[in-house]
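Can you read through this structure? Questions will come right after.
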Amino acid sequence: MHDRALVFDGIGQDFPSPGQRNKVRVLDGISFDVDHGKFVAVIGPSGCGKSTLLQMAAGLLIPTRGAVHHRGRKIGSINTEVGFVPQQAQLFPWKTLAENVELPLLLRGVAAGERRQRVASALNSVGLKGFEQHFPSQLSGGMQKRGSIARTLVYRPDIILMDEPFGALDAQTRMVMQSDLQSLSMEAGATVIFVTHDITEAVLLADHVVVLSQRPSRLLANIPIDLPRPRNMFEPFRNPGFEAAYDAVWTEFRSQIDTGRVH
Amino acid sequence: MHDRALVFDGIGQDFPSPGQRNKVRVLDGISFDVDHGKFVAVIGPSGCGKSTLLQMAAGLLIPTRGAVHHRGRKIGSINTEVGFVPQQAQLFPWKTLAENVELPLLLRGVAAGERRQRVASALNSVGLKGFEQHFPSQLSGGMQKRGSIARTLVYRPDIILMDEPFGALDAQTRMVMQSDLQSLSMEAGATVIFVTHDITEAVLLADHVVVLSQRPSRLLANIPIDLPRPRNMFEPFRNPGFEAAYDAVWTEFRSQIDTGRVH
Amino acid sequence: QQAVRIGLGAPTLSFLPIWSARALDTFKSQGLSATVVALPGGDASALAALDAGDIELAAVGPDATLRAVAKGQPFEIVYSLMSKVTLQLTVSKPLAERTGVKPADPLEKRIAAIKGGLVGATALAGVQEIAARWLAGKGGLDPKADLKVAQVGNPTAIQAAMEAKRIDAFLLSPPEGFLAEKAGTGIVLISLGDDFPLLANQPYLVLVAKKPISPATADLITRTAKALQLASATTVSKTDETAEAIHKQFFPKADPQAIAAAVKVMSSGVAGGGSIDVQSMQNALTFAKEVGTSFGKEFDAKASENDLWTNRYVDAAKAKQ
Amino acid sequence: MTDTAYDAPSGNPTARRSLAASAAKPLQWLLKLLPGIVLLLFWQWASGRLIKEIYVSKPTAVAQRLYELFASGEIYPHLWTTGQELVFGYIIGVAGGVIGGYALGRSPRLARIFEPYVMAFYGIPKIALAPLFIIWFGIGMGSKIALAAIMVFFLVFYNVFAGVRSVDRELVNLTLIMGANQRQLTSHVFLPAAAPYVMLGMRLAIPYSVIGVIVGEFTSSAQGLGLFIHEASSTYDPAGVFAGIVILLAFVTVANVLAGRLERRLLRWRALSGAGPADI
Amino acid sequence: MTDTAYDAPSGNPTARRSLAASAAKPLQWLLKLLPGIVLLLFWQWASGRLIKEIYVSKPTAVAQRLYELFASGEIYPHLWTTGQELVFGYIIGVAGGVIGGYALGRSPRLARIFEPYVMAFYGIPKIALAPLFIIWFGIGMGSKIALAAIMVFFLVFYNVFAGVRSVDRELVNLTLIMGANQRQLTSHVFLPAAAPYVMLGMRLAIPYSVIGVIVGEFTSSAQGLGLFIHEASSTYDPAGVFAGIVILLAFVTVANVLAGRLERRLLRWRALSGAGPADI
């Protein structure tokens, strides 16, 4: 039990459904563990409840059924030991980019000098150098998302929850950032759960890929990816064993196509 | 000149750069044409000015230099003859999903009966049946984006501008919607400009792929894709000639990697 | 029945004839139904309403009227509601104890007691302040330096201020002095109208009409005057009954003794039946001069008869059966 | 304003609601009434002890007086007059404020020119102009309606103005691209987006319409609650004063509850976003 | 409030601004002053023609009277008193309103209990309570400061309350996850997010602080502009009345300009979003 950072224990979530009597069942009895220092990718169709799942891990939502445990403790309120990169960038519109990224350090009482230096290096690593004084509304969609990632990585939380972090990025930028994320988790031993729609990305980055089904979503598979690290993010197919792993995930994911045209 | 729906004529855009004297040059003398009934994909690194370019076509932004012409007329104010799917879904938070999608029809004075039926079919085609009464805040990120697409397609504008329409969708949903979009443009003869980060998607859907460089971005290439239609969206590599086209685009796109790690 | 609208600057008991006429219902005998419009905005508001034609008669103080007339407003005083100054100087208990003054002391000593005190008034520059400063002058004090005056609001507020020891004295018409004595917060020291002959005979509150006065309005005013005269006569002859009627109809929640005492004190002021003579007018002007009021124009009591003031309606009413 | 934004459906809405329905409802009401009851008790106790009854009356006397007033029917004409003044003043003020605020909010050029004048105009103490009001609007209902409408106008005007200016420009642009004309833009985007501000303005305006009418009636009147209060105060009837005030409070409270209902309906969409415990 | 939200950098900001800098600046000023000048001219013309001078005076007479007042120094003590009352009343009211509004905005439970009482309390016509005010706050500056503070409090309270409730719950949650304590949450999220509402409340409160002080001085005072106006009005000195009002307007206008500056600084971020022509 000690090495388990997060345990999802039969979680389920019902949402009220406007205009109808009965509720929408979104997640239905999903259980899986996330070990310390591991990388777990969650994939599943749009609207199946991936973001909902991350919100539960962050303590923003208490599951209707089941529970999420963090280091053995049941999560019952906001979990301040995780870092959360939401699906929409959610930068603070009244703060400049640099102030946004600085905020978590400020909240933790990091000294001004160190703050400045860490903010600069975080912004640099997401390619936003030179935009420190821009307000979020002056940034492009992808830049906002990168700002949001920098804001979380800058304070090096133990557990990082990322909701489609690289979805709005072009292939080049994405590869560089994937590579950075891999180094970070390898060096700092951070535990990462991240939601993605890109199977290649999931296979490249993750130690486990969790595949969810259509709503009401159940766990279709929890596939271990045993490729050696460090992996080559720039040419995925050069990684030995990549294709087999990819196919394993794709087969699971694809099985949903029978359920309906678009769910 | 007659068959040119949109002409970008040496457009350039400078934005004020907070904290610095000189301005940020975002687009730098970009010229290309979009013919009637054609599909043009725009790809380029994050923050290079793709969204800015679409905003100019919609008349939301007047370029600092150059001009955009629509059917030979210079665009000087809001262009009501295009349909616009913004990068963020931008649904009206005070309207339910159905009311959101119904709005353009309402604005155009379409009769109630027809409205109801067209809304239902638009929602159905993006897989949002059953969520009519949900408010946007009750939808997942991908569902919001699909709602936004439905809101534009429902009134069948001649020219459709889409900013990363499928970026937030899983592989399955995305393929179905790509396929739908292809049929729509083939049947209705709609002109489409769409921004994407996914080279496969660009090559699969487009007649021309416009590749932009790093900021200040210039036109790297305007590559014609001559694959026969209809194309198979579900297995890209089954399309004859796909790989060659993909490589042509990828080579151009990749050339930027020399400019810096992440621009 | 014809309606007559009378505007009242403040619904205080000093407008005694109006209260008694309403209480004794003498308007009805003249074929009138009287509406009293409250205009707590003060005399200026009441005169504005008169100017606008919203009321036929305004019950105000003469100085406001004189000031307005000096500015060219077409007003005429047609009835003297109260022909003596009814103000009473009431001092707070602490002041009385400190100075050891008693109501039986000679006038000089009584006035000297308020030296350096703070006097509360419902409005600055109004008759209360003027009278207070005049009084100080009469007692050999410096009217400007030896007295501070503050505006405190309505009579209840002034009572509250005295109780909270925020002011040392006030000059108000009955029954305020009586009430303060009863509450044990103050002592009535001087009744201005009784102690000074100049103040015992002058129009203190008047009815004003707007010129030109049409024959129909003239008739209305005459009948109103008649109603007021009848009520005044009853007030003088049957003071207690009148007080009781007023209390029952208009002041049911007030202390009946207070109303009775107030009516008794003021009844002498209504004895004249509303008539103004040159002497009383002159007294008013003299008083104004003594306290340094400048109307912006010199008035002559005699010459202004039937222009600024008139007994026409009062006389006509007296002649009427 | 009480339970819109933050009653978001958190964790376990069903469980919560059913609990609330059974035991918590009456308890909640009790909680709501508690401060009022405490206040009344304190008032009753303090009257005559801490402060003379002539200044503050006392609850039992006020209740008694209220009963008298309604039983004898003495109060009805006053109620009727003041009620009409309130309703008209409020409606005129709100309509003017919405129109003015919307116009200036939409047109920055006009706003730059006229907004300072509106503000300055409001700095004018209306009581100083009582004679002017009497000349213009008479001593009847007109002047009270005017005064209340002006008070209401200002609050609604500024709120609508701020609300319209806070509307997300991108949504506006999007609607224009869809082909909206100005009228449609107003009804589909600006008004709903500015609704939180508009509702705020309308709520703020409720007590001020009462103040406007009462100030007006204090200046000049032949009938109305303000006059009644004023007369009660000058005829040594503190219970009457407070009875009048209680009636005014009832007006305000009822209007506030109605506005709250309207707000909850119009801003239903805001109640749905977000989740989880952020309240202190 | 004049040029925050909608002066977004549209198409061609450079060209526009340089144009504005050269010729348009004085022109703009002229445009701004124009309505005022027209008003003054109309007033001068109408006085004595449409309405008696005794009610409205006329600009030249008012200017003359103003000159007299300042030249003789007669007005300074009044100015000083009223100025102090305004400043203290405003500051106390704003502080109270921000604290109260914030507390109730953050705690829906407290809000459900207390908000109706706050609203009802405001429906009470303060003039009816003049005796109480005198007993509690005296007849000096205290009672005026209290009255102004109460007026200001209400507006700020409700705006802050609404502002805090309109804050995006997701941003709040995110900040909590980052490890913010309540104090940090307040200063980094709630206050900046509610700033548009807070600023609105503070602006609305400016004229009302003036009204509060003037009403207070009308009721009771020994010195102050309200008293000066009241005296002028009861001694038939219309030029004096309007001279007093002009001074009050100057107060309000200066405060408004200052508040506008503050607002533009605090809400700078709002001015940047969006682009393009959406104004009528």
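Letters are used for the chains, namely A, B, C, D and E, taken in the order the chains are written, and counting of residues starts over at 1 for each.
The criterion applied here is as follows: a residue touches a chain if its C-beta (ideal position, glycine included) is under 8 Å from a C-beta of that chain, and two chains touch if they have at least 3 such contacts.
Values in this document were obtained by computation on a predicted structure and should not be read as measured data.
Distance from subunit B peaks, on a Cα-centroid basis, for C. Chain pair with the larger contact count among B-D and C-E is C-E, by C-beta pairs in contact.
Centres computed as Cα averages put subunit C at a distance of 40 Å from subunit E. Remark: subunit A and subunit D have CA centroids separated by 47 Å (rounded to whole angstrom).
One finds 85 Å separating the Cα centroids of subunit A and subunit C. Once the centre of each chain is set as its mean CA position, subunit A and subunit B turn out to be 26 Å apart.
Annotation for subunit B: residues 15, 59-60, 78, 135, 138 touch two or more other chains.
Shared interface positions of subunit E, defined as residues touching 2 or more other chains, are 55, 131-132, 135, 170, 173, 176, 218, 230, 233, 270, 273-276.
Shared interface positions of subunit C, defined as residues touching 2 or more other chains, are 42, 44, 48, 51, 154, 156, 159-160, 163.
Those residues of subunit D lying in contact with subunit E across their complex are 1-8, 28, 31-32, 34-36, 39, 51, 55-56, 103, 106-109, 111-117, 119-120, 122-128, 130-132, 135, 154-155, 158-159, 161-162, 165-166, 168-170, 172-173, 176, 182, 196-197, 200, 203-204, 206-207, 210-211, 214-215, 218, 226, 229-230, 233, 241, 244-245, 248-249, 251-253, 256-257, 270, 273-276, 278-280. Interface residues of subunit E, counted against subunit A in their complex, comprise 170-171, 173-181, 184, 188-189, 192-193, 195, 269-270, 272-274. Residues of subunit C touching subunit E in their complex: 42-44, 48, 51, 64, 67-68, 70-73, 120, 123-126, 148-154, 156-157, 159-161, 163-164, 166-167, 296. Only residues 5, 7, 10-12, 35-42, 44-45, 47-49, 51-52, 54-55, 154-156, 159-160, 163, 179, 183, 250-255, 258 of subunit C touch subunit D when the two sit together in their complex. For subunit B in complex with subunit A, the touching residues are 15, 17-20, 43-47, 49-51, 87-88, 96, 126-127, 132-135, 138-143, 146, 163-164, 167-174, 176-177, 197-199, 253-254, 256-257, 261-263.
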